[in-house]
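Take this structure first; my questions come after.
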Amino acid sequence: MNDFPFLLTMIAVPAVGAAVVAALPRGRDVLAKQVALGVSALVFLLAVLATIAFDAGGDRFQLTTSVSWIPDFGVDFALGVDGIALVMLLLIGVLVPVVVVASWRDTPPANRSMSTFFAWLLLLEAMMVGVFAATDVFLFYVFFEAMLVPMYFLIGSFGGPRRQYAAVKFFLYSLVGGLVMLAAVIGLYVVSSSELGEGTFAFDALRQIEIDPGVQKLLFLGFFVAFAIKAPLVPFHTWLPDSGAEAPIGGAVLLVGVLDKVGTFGFIRYCLPLFPDASRDLAPFVLVLAVAGILYAALLAMGQSDLKRWVSYTSIAHFGYIALGIFAFTTEAGTGAVLYMVNHGIATGLLFLIVGMLIARGGSRQIADYGGIAAQAPKLAGAFLIACLAALALPGTNSFVSELLVLIGSFPSVPVFTILATAGIILAALYSLLVYQRTMHGPPRGVLLEAGTGPTPAEPVGGSGTATVTAPAPAAARLRVRDLSRRELAVAGPMVALIIALGVYPQPLIDLIEPAVAATMSDIGADPAGVQPATDTEGTD
Amino acid sequence: MDTVPADGLLAASWLLIALPLAGAAVLLLGGRRTDRWGHLLGTGTVVAAFVLGLLCTFALDGRQVDVDLFTFAATGSLDVQAGLLYDPLSAVFVLLITGVGALIHVYSIGYMAHDPRRRRFFAYLNLFIAAMLLLVLADNFVALYVGWEGVGLASYLLIAFWHERPSAATAAKKAFIMNRVGDVGLALAIFVMFAQLGTVTFEGVFGSVGVLAGGTVTAIGLLLLLGACGKSGQFPLQAWLPDAMEGPTPVSALIHAATMVTAGVYLIARSAPIYDQTPTARAVVLAVGAVTLMIGAIAGCAQDDIKKVLAYSTVSQIGYMFLAVGLGPAGYVAALAHLLTHGFFKAGLFLGAGSVMHAMNDSVDMRRYGGLASKMKVTFVTFGLGYLALIGFPFLSGFYSKDAIIEAAFDRGDGWGYVLGAVAILAAGLTAFYMTRLMLLTFGGRPRWEDGVHPHESPSVMTVPMIVLAVGSVLAGFLLVVAFPLEEWLAPVFGEPEGAEHVVAPLVVSVLVTLVMVLGAGTAWLFVGRREVPLTAPVRVSPVVRAARRALYADTVNESLFMRPGQWLTRALVFVDNRGVDGAVNGLAATLGGSSSRLGRAQTGFVRSYALSMLGGAVVVAGALLAVTAG
Amino acid sequence: MLSAADAITAPSLSLGALAPLLVVFGAACIGVLVEAFGPRERRHAVQVAVALVGTVGGLVTTLLLVGERQVTAGGALAVDGASVFLMATIAGLGALSVLLFAERSLDPARSAFVAAAAVPAGSPRDRELLTAHRVQTEVYPLATFAIGGMMLFVAANDLLIMFVALEVLSLPLYLISGLARRRRLLSQEAAVKYFLLGSFASAFFLYGLALVYGATGSVRLADIRTASAAGGTDVLLVLGLGLLFVGLMFKASVAPFHAWTPDVYQGAPTPVTAFMAACTKVAAFGAILRLLYVAFGTSEWTWRPLVYGIAIVSMVVGAVLGLTQTDIKRMLAYSSIAHAGFLLTGVIGYGGGADGQGTGLGGTMFYLLAYGLTTLGAFAVVTLLRDGDGEATHLSKWAGLARRSPLTAAVMGLFLLALAGIPLTSGFTGKFAVFRPAIDDGAWPLVVVALLASAVAAFFYLRVLVLMYFSEPAADGPTVGVPGLPTTIVLAVTVTATVVLGVVPGAVLDLAEQAARFVG
Amino acid sequence: MSLTHYLVLAAILFTIGAVGVLVRRNAIVVFMCIELMLNSVNLTLVTFARASGTLDGQIMAFFVMVVAAAEVVVGLAIIMSIYRTRRSASVDDANLLKY
């Protein structure tokens, strides 16, 4: 079954599905949902089968398909996955069905139909699969840019009040990055044509060629800018809070869970192997951005008054850890970083979903508008707590494993940065528990308060997250809040299960990821076998 | 350290963790269905774990048994196994945790009887037991860290159990955050070990720590200490422990007195091979212990909240233990002995306090107690025994364990030895003072109860555990120090005890301590026993008392040093991000738009101005070409 | 002094090579005759037929020339890959434009063109003609002449022919841009501006021609090449090049010679705007490429910096000025200025290949084809939105179009994404095709600028998308006319081309690369 | 008189024409200035033809005249139509299209 074109099918199925859903007549939303669910479930199944067919110990790229596409540019429609891409495909396979179910009851804005929403969603899925499965730089770029369009429409058509601003901002930020990358892509092609005689975009061929260090730096920067905006690293990050806040929950989950991972994926798949020297020379500069991002975004997260902006900022902080792991150039940290990409997708996905359920109940995004929910909706509170604990990387949750690997792997090579990053886990605890306490603990208050049973909700204090806590409602105060419905449990349950399962037994994923990372490390001349103990009796630190 | 693979019963020692964990899972996932019998299941799993622990301990006979479970995370040269190490040291802790834990579970059946969320309470307790057992059974630092943060989570959940109370929620958060500060230290210590030695297992680290440079070892030691301070409420991270009393009293008894807060002591004792290499780190441990035990004792003298007094006493007692482990090989056993006895009598005291609060409608203000001796005989007796044990009344458990520590301090021989010994003795006096004060305020004198309070003895499901613990606190010391010396039991871990020649004769120490204790108790009687107790704390008091009430301004310092600047920084950064970083981008867009409309003005619509622009352009073009060709 | 001794020897004429031009111009002449003698009621149908036959015939006969490489008509015409490709492009786009002209079902008065251009705008007679179904058909022969001129323009191997072709293509354009049926004042103004500035520019071109002639003693591109190889720094020659260049850049609406573009694009009848935007650009760039590569290829270093700078100016001016436009036709005009800059980026990629092989030529020609089709389609969509007085070109009218007519919005959206250069559309392939040779030639800073400029430009395309999709429809919104067969064909062709050239451009790229040859 | 004089004269004429386009308002006059530019080119061409002793330049001059004549026809038509509408031939009045 190795010769079955999994990847091609995984792109084609949702693309066709999108066409079908889009073709459905208006008012057939239910059918649209069912089709979307079916298609995304099928993709998940394919991802699982592909994982079974994949031999962790085998070649770098497997399940490959390749047909010549634009011969004049030396472009092939070449697909293939290594462990890194494969786990991302699994993540997509898991998240999209969950998102479909989560968006089941969403009501579209005035005279828009949900079937359009699901059509864009499926198209987005196809693009995302493509971007991770491409082994041809040009093809990667094409998916990288084309991916913007569905997300642009998801945000712009189904988002919050400032969705137009957010959509355009998202598009332009990514486009600018992408265009700079395009210059580098072309440059890479030109270099290859001068090195190999005729130009190519094939990743494996490009990985072999020796590029002059100066040129490498330029090309690296070209790619880096695009990925740093996508990931996003501080200071290229300000589009994410806006998009994350305005996007519909489903879109936000995929945006932060998968789309942004393309940035970090790009670092480890393209920046490192293609430009090893430049990567090594510029690593300090990247690490500064990464660690600065961890602390800066964490502090900002504490200052947010908007739940969705808060989640976005926590993600920016997490992307800092991923970047740190990638640019520490050790197998342990690299593996950790890739694992982090998966885990963060699940954990933050859950966080966004729960926040969405909360907003669905209260109709407000302001943290200050909620309070004391745990007393009346224990399931909701419990799921939220688990999401928060995953966000602060508590042992037992999946995030812990990846964060541990990243930090313990980075420490030997970049101790100072790692120490700073480790200090970040205190801030993580702060921003997670602050919001959890404000929304779930304390006496009942906020918008959900039953009429007449308590004081009016506090006006949210803009910007600074120190929401004015309303005076405790009288004992009679109760909230108009129902606990998780069956459908919502079906959304949160699997995610929670994954968080725990991958937190207790992550080794299978690690086994998938490590060979690819090790190969990358040997590409940049780091020891693929991992850190060798210093055991210097001179006493370092 | 040479371990043998697990066999027979010990191979199943993972059940110790699995049982309570399963209990927690069932209770949490089971939902309302389990409400009726949930507490029984929760208690059952812990009792079962205790029995299993006993059997395992008997099967141990001095070996150090390694139980391999599965590969947790292995990549590159990092290999983290999920494995257990069952040796005399962990065995001691297993028994303490499951034993005291079981008792407190039983007690809680009664104490939480009327709480609508009792089921979840037992789930959290089970979760704690599981995490704590993992902490003490782990065979490598990462697994230990997992348990380490696991107990932190349980503590968070239980402190915030009554989360409608903002104070409880805040206390829980505070506890978690300050623990996290410590955790960073522990984590960094692990990183250094991996970077330097390439392993994180106890066996590997302790086996090769000798080759490391002094500086590195000291660094590891200090980082571990930071972790220990966070978990055990030691200076400078002691401020969270008193606030943690917001949790239900059984929680205070189990987690914040008997077991979790002693994890720091366990960590340092477990890492003895590291500390043996670094006198510097040991000295710092000593200092921390000494400072903390004084802070705790002083603060304890001025509290009116019965649980706060006990909390500060806990801080102070753990200070003793730190001081002891800081003394190195001489002190480890003493520290652990005191840890065990403290586990008994402090748990007992807390349960007693809980029983009292039950009687007083959950009021914790001792100024509104008084004269309860007659109303609650069992509580009075058990509490009294615990009290005597704590202040070190001769031949009760505290007497043995505390004296051992003080002797060990003197045995250092040098000047510091005397200083530490003196401090320890002085603190013993303070302990006697504040505990006597507590006794008098609570049980002595005449009633100062609020209206509608009708004290009554607690049900037997609560009193029985109190009695058991009281017995324990009477006998434990004798058993552990004289009858079945802990030294010998722990010899496989800390090596054979060498009969240290004493600088100051033990008898002298004992007499001295007893005298100071009597002195402290007497002073307390002079202060509160004879006079009328005001219903509200007097306002016009000496700065010393004020400082003691504010626990030497620990919170003030934290707030003004970290919290406020942090909040300020956050606000500043939010501004920077919106106006600065984002503003720059939007500003760029605005600039483009502005220049667009400004340039647009050039498009006047007049043919002749267009012609002019063309002519200008032509001139420029020609000029450029000529310039290029000319030069 | 001519002596009787020299007999007149007729230059060799290869009729095959001239066939396309003959067909088109022939059709134009027939058109004039029809205009003069044909019965009025059937005139329109006949004229359309003639024009279509002419252009399509021109296309077919051009395609017959594929692979030809010769200089004919006494060295005046070059029939080579490049000229064949470009002539075919022009003929094809021309045919499509004619279809747009022929649309009868959109305007209630059944034509976008004035009934009687001579009648003063606003006069009672004019008002009555406005609603009358009478149409005037001189636009077809005029357009056909223009198309013929353009084809000649790209094939001219001789500056004089180039000049004549320039005039032949310009004069009809001046006229037909004044023929709008509605908003005649704007239309006439556009015509005047275009005419005055156009002839001003051709005066420059002509003076340049004279100087080059003076410097080299010939106007044959081949002779100029040899001469410039020898004396690249001859002041006369360089000045001549400059002035010729000015004339051509005016036609290509490259900043700073772009001033006329927005006004004329806005004022002219939309089908004519589409025609100009698509075909004139192709013709002008064809001439620029031939002039620079063939005539001045050996002294590349003289013009390279100039083109470099002008490309940047054009891209920046087009992108930035487009940001604040409120009229869609004007916006597309500025976008065409920006695209002229991108095209110049391709021109920069002159690798020094003597006959244009392996240079930016192929990429630039592909870009011209792709851009021509896309922009033609975009303007075709513009003709669909109508309100009280003709087309609704103000952007505010486009709000919520996706709700009114999803298909129209989707088609326009596709064209906008293509203009923005999003992958899987022809626009992206084109950009890639021109940027690659530029970087290959070491001009990566120019490319980076170009990319940033296209990011800025993307903003105003996005603005239209936002209006169409994310805004609520305006109450007094325009109606979306149901296009007749001709416009439908145009839209179908352009949409298909935009997608195909984006998804599977291989074949056409191959063609362009094969065709990228000049006869020197 | 050397040929240079003719060239300079032609250049001057060309410049006069160009400046005329810039300064004159009346469309007809502007157009005449353009014609002047064309004719200055003719002079240049003829001069060069004379210089190189070939006839090409002079032939080209004829071409230019023809083209110029065509231009006149088209141009006057356009200007006429707008004049009829606006009752003014000033190019400055025609600026509805701007910015």
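Think of it as A, B, C and D in the order they're written, each chain with its own count starting at 1.
Please note the rule applied: contacts are C-beta pairs under 8 Å (C-beta built on N, C-alpha and C of every residue); 3 or more make two chains touch, one makes a residue touch a chain.
All values reported here derive from a predicted model rather than from experimental measurement.
A.B. asks: Find the two chains joined by the most C-beta pairs in contact, please.
C.D. replies: Per-pair contact counts point to A-B as the maximum.
A.B. asks: Taking each chain's centre as its mean C-alpha position, how far apart are subunit B and subunit D in Å?
C.D. replies: One centre to the other, that is 96 Å.
A.B. asks: Starting from the mean Cα coordinates of subunit A and subunit D, work out the distance between those two points in Å.
C.D. replies: 66
A.B. asks: Centre to centre, by mean C-alpha position, how many angstrom separate subunit A and subunit B?
C.D. replies: Subunit A and subunit B have C-alpha centres separated by 35 Å.
A.B. asks: How many angstrom between the C-alpha centroids of subunit C and subunit A?
C.D. replies: A distance of 45 Å separates the two centres.
A.B. asks: Give the residues of subunit C touching no fewer than two other chains, as numbers and ranges.
C.D. replies: Correct list: 192-193, 196, 200, 262-263, 459.
A.B. asks: Where in subunit D do residues touch two or more of the other chains?
C.D. replies: Those would be 18, 21, 30, 91, 94-98.
A.B. asks: Using the touch rule from the top of the page, what residues of subunit B touch 2 or more other chains?
C.D. replies: Where subunit B meets two or more other chains at a single residue, that happens at 600, 603, 605, 607, 611.
A.B. asks: Could you please write down every pair of chains that are in touch?
C.D. replies: Result of the pairwise touch check is A-B, A-C, B-C, B-D, C-D.
A.B. asks: If you look only at subunit A, which of its residues touch subunit C in the complex?
C.D. replies: It comes out as residues 68-73, 110-111, 141-143, 145-146, 148-149, 153, 156-157, 163-164, 167-168, 171-172, 175-176, 179-180, 182-183, 186-187, 189-190, 193, 218.
A.B. asks: Under the stated contact criterion, what part of subunit C meets subunit A in this complex?
C.D. replies: Answer in residue numbers: 403, 417, 420, 422-424, 428-429, 431-432, 435-436, 439-440, 444, 447-448, 451-452, 454-455, 458-459, 462-463, 466, 469-472, 504-506, 509-510, 513.
A.B. asks: Can you list the residues on subunit B that touch subunit A in the complex?
C.D. replies: 28, 70-78, 120, 142, 145-146, 148-150, 153, 156, 160, 163-166, 168-170, 172-173, 176-177, 180-181, 183-184, 187-188, 190-192, 194-199, 208, 211-216, 219, 566-567, 569-571, 573-575, 577-578, 581-582, 585
A.B. asks: For the complex, which residues does subunit C have touching subunit B?
C.D. replies: Counting only subunit C, the residues touching subunit B are 192-193, 196-197, 200-201, 204, 232-233, 235, 238-239, 241-243, 245-246, 250, 256-257, 259-260, 262-263, 301-303, 305-306, 309-310, 317, 320-324, 456, 459.
A.B. asks: In the complex formed with subunit D, which residues of subunit C make contact?
C.D. replies: Against subunit D, the touching part of subunit C is residues 2, 117-118, 120-122, 160, 163-164, 167, 171, 174-175, 178, 184-186, 188-193, 195-196, 199-200, 203, 206-207, 209-211, 213-214, 217-219, 262-263, 266-267.
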